[in-house]
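In the two complexes that follow, subunit A is the common piece, with subunit B as its partner first and subunit C second.
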Partner chain A sequence: MGLQLYDYVLSGSAYKARLFMALLGLDYQSVSIDFHPGGEHKKSDFLQINPAGTLPVLVDGDLTLCDTQAILAYLAHKFDTTNQWYPTNDPVATGRILQWLAFAGRLTDTAGAARLHDMLGRSLDIDAARKGAHKALRELEAHLTEQGFRGHAFLIGSKPTIADIACFPYTALAPDGGIEHDDYPAIRKWLIAIRRLPGFIEMPGIHRLHDMRDEDGG
Partner chain B sequence: MNADHSEFVEGPDGWIPVALSVDLPEAGVMRAVIAGAQPLDLVVWRSRSGQVSAFDNRCPHRGMRLSFGFVRGERLSCIYHGWQYGEDGGCRHIPAHPDMTPPTSICANTYACQDHDGVVWVSKGADNSDDLPNFGGQGLRSLSVERGETVLRKLLAETHLPVSLTSDMQMAEAAIATQTRTSLVLEARSDAKNLRLMVHFQKITPDRTMLHVQTSPELPAELRISLSRWAERFRWSAENLGTMINSWDATSQETHP
Partner chain C sequence: MTTSDVARNDWYPVAIDNLLTNGQSEVVVLMQEELTISRGNDGVIKVTAQDGRPCPVAINYGHVWSSIGQPDHALFDIPEAHEDGRRMVDCGPVRVKASPLRVVENFLDIAHFPFVHTDILGAEPHTEVEPYKVEIRDTVDEVWATRVRFFQPQAAKSAEEGQMTDYMYRVPAPCTSILYKTCPPRPGSWDVIALFVRPISEDLCDAYAWMALYDETSKQSDLVQFQQMIFLQDRSILENQIPRLLPLDPKMEVPTRADTTSIAYRRWLKRKGMTYGAQLVAR
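And now, the complex of A and B:
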């Protein structure tokens, strides 16, 4: 049996797994979970699979992974023959990647939370969520600015890694939660660099670069 | 509201910096907000051939933000129904009526826009680039600060800048070399030659400012990184100085040449 992804189309976290599998050229079976309005991820059938009640979940044979960043690391280890996306033979790169994977959790908890509030009416402290998101985006902007001086387009170096995939969706989707990209020119350039990657796929709210489409293709 | 708040936008030839040129690449689209009695919400975009333009950030069709749009060659296309506008703001193409020549009455509201000396400038009034500065700087970064411009000018006058490349970073006192309506030039003496830092001010609100920072050209990457970190520290100080700063804001009546 191949890869199975418990998925929800509007989930930025599930999109990390979908995007990475697309970039790696992997086939998988998608199992759609009615996150909203059904709340299927909090019901007993799904809790048997993931007691935490979160999406996405990746199943590969006997293995079930319920953490998005762990899914990215596993997929890179198992399927990336180039060793580009998670170069574990390089301790410095590994340490840096793990740091940005943890940072991606902060983006989910702030920018992602603000988006849930604005889009799906989730009850939470929206001011705190937006403030936390801007604080995180300032850190990301400062780092990407320095990377630019080093001639590096991505978080770790000149090539994208799973750190970029982990941080991309909730940064790109931040305006859905009232967090604009206006203040962050280095982030805007990085978002375009990721959207330019061969094999890039869209999700609602994150579209392909229009200048890479045909004039009438829409 | 700050005493010096409106003069920056109301003058007929008031150029306002909205971005470093390097941050608006070909086919790039961005939003820029400028404070004023009537704040401006603009889309600023660069065509394939490199021409920069600024419009009111609403599509004449349905009011969608044009900054969500994208560039097609020499036109800006709205994300909503794909209406396309030329650099003069005139509608060139309506996808739902592909054979129709759009009437000239369909036109985005335009502003003068210039890419000059490494900075993208916007003006509500006359399009006279003679008024723009020529500092010859290289773009460092733009960053927003939750403080009014007057306070930031005062704090910049007292700053120290990193000037050396060694790990025990040398800081040198910086002096204001030039100060204009939109910009401030700091100069610090380093071993080799004078380090210059050009700071261009874009008021977002009376209490919020975008700083567009340039440096002397061709600095090594290590020094640019140090200067970027200096900018982070400068922002932190500006945003965390508290009540003393607020009283400066309230009492300041300064104007600049």
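And now, the complex of A and C:
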């Protein structure tokens, strides 16, 4: 039995796992959970797999992982032979990556929450969610601007890591929750850099880059 | 009849029937008016307006339907919904910051498939929309588009390879669009996919997708998510259309031949006096 992902097509968190597995070229089996409208993630069958009732869940043999950031770290450790995505031999990079993985949680709780409100009609304090999202995006923008001065296209350096994968979906999907990208030029540039990665896959709300014809017509 | 009466006196989806349990109620907004939909312990559904007046109720196609006015007609019929062997799939409400009429119009469009639903409902270089037939059927007061054909890499969850797909479109009410398309596992039959839209205001709505399919193998949640994936690819495009309201003035936007259904839909709305969510004069 290979990798199994309990999945929901509109979940930005589940998309982190799908995207990373695609970038690593991994095969997996997707088990769809009817998050909306069925609310299957809060029903007893699913709660036996993940008592927290959240998606995604990754199953690999006897191992069940219910935290998205933990899933990314596990997949990188086990399958990334280049040691690029989660370079644990580098203490500085490891510390920085863990910091961005935690930051990704803030994006989920703010921009992700605003999206659930605006898209699926969930009741929550939308003003607080949007305000929190803009605060987080301003921090991300400042960091990416500094990275740009250093000539680094990604959060940690010149190559993408799991920190980028963790922060990408809810930043890219922010307009779904009424949080526009207009004020964040460095973020917009970074989103395009991620969409250019070989093996990139899209999700609803994040469109792929359409091929541009070469100027010489080739 | 004033223009607002046409919108007020129609039926709109307000809830998914089997997600409302006995003793439960929920509040939704229909054209800026709050409605409470409640199911009593006897299973009977009632819809009550903010001022306490009872609203009409109809239950069909998996949804509870109501109105803030007094519809003088029954809810439209979808004959295929009563055929044996079809699976009914409720895909749930998705909120869209766009005019309900723009959402319906987008559902009638084919030309965007290769660009918005890339490698699923369309793919470059197969971008040509062949000529098709559009008519306003006066006897039933509906818009129909027939003989629509398009190349699709993955026409449905049940499709295993790319194929030429036949389509028919039907607009039985201003905020409802139904499409019929080739059913991959059962050539000769049509899959039915409908979009029922509830206007919350003139530029905000909840869209409920609903399907009646011949598919004996797919998991229910896979069918729901296939449709949600398609609709959510449209949503970000719809929310960026300008102007927010659907222009009924032909001078406002320049249509192409592929937009024939849209032209008929807009003309039909104008003729009916359905202007909720529409912009009559270019400004």
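Observations
Please note the rule applied: the second predicted complex is superposed on the first by the 210 of 218 C-alpha atoms of A that agree within 3 Å, B and C clash if a C-alpha of one lies under 4 Å from a C-alpha of the other, contacts with A are read in each partner's own complex, and residues count from 1 in each chain.
Everything below uses one rule, namely that a contact is a pair of C-beta atoms (placed from the backbone, for glycine too) under 8 Å apart; a residue touches a chain by one contact, two chains touch by 3 or more.
Just so it is clear, the model here is predicted, and its values are computed rather than measured.
For subunit A, the partner with contacts to more residues, out of subunit B and subunit C, is C.
Of the two partner chains, subunit B is the only one that A:A142 touches; subunit C does not reach it.
Of the two partner chains, neither subunit B nor subunit C is touched by A:D125.
By the touch criterion stated above, A:H210 is placed in contact with subunit B and with subunit C alike.
When the two structures are aligned on the shared chain, A:R188 is found in touch with subunit B, with no touch to subunit C.
Once both structures are placed on chain A, subunit A residues 210 are touched by subunit B and, in the other complex, by subunit C.
Residue ranges of subunit A in contact with subunit C, taken from their complex: 8-10, 32-34, 36-38, 40, 118-121, 175-176, 178, 202-205, 207-208, 210. Touching subunit B in their complex are the following residues of subunit A: 141-142, 145-146, 149-151, 180, 182-183, 185-186, 188-189, 209-211, 215. Within the complex, the subunit B residues that touch subunit A are 19-20, 23, 25, 27, 30-33, 70-72, 77, 141-144, 210, 221, 224-225, 228-229, 232. The touching residues of subunit C, when paired with subunit A in their complex, are 16, 19, 90-95, 97, 115-116, 118, 206, 219-222, 224-226, 228-233, 235-236, 239.
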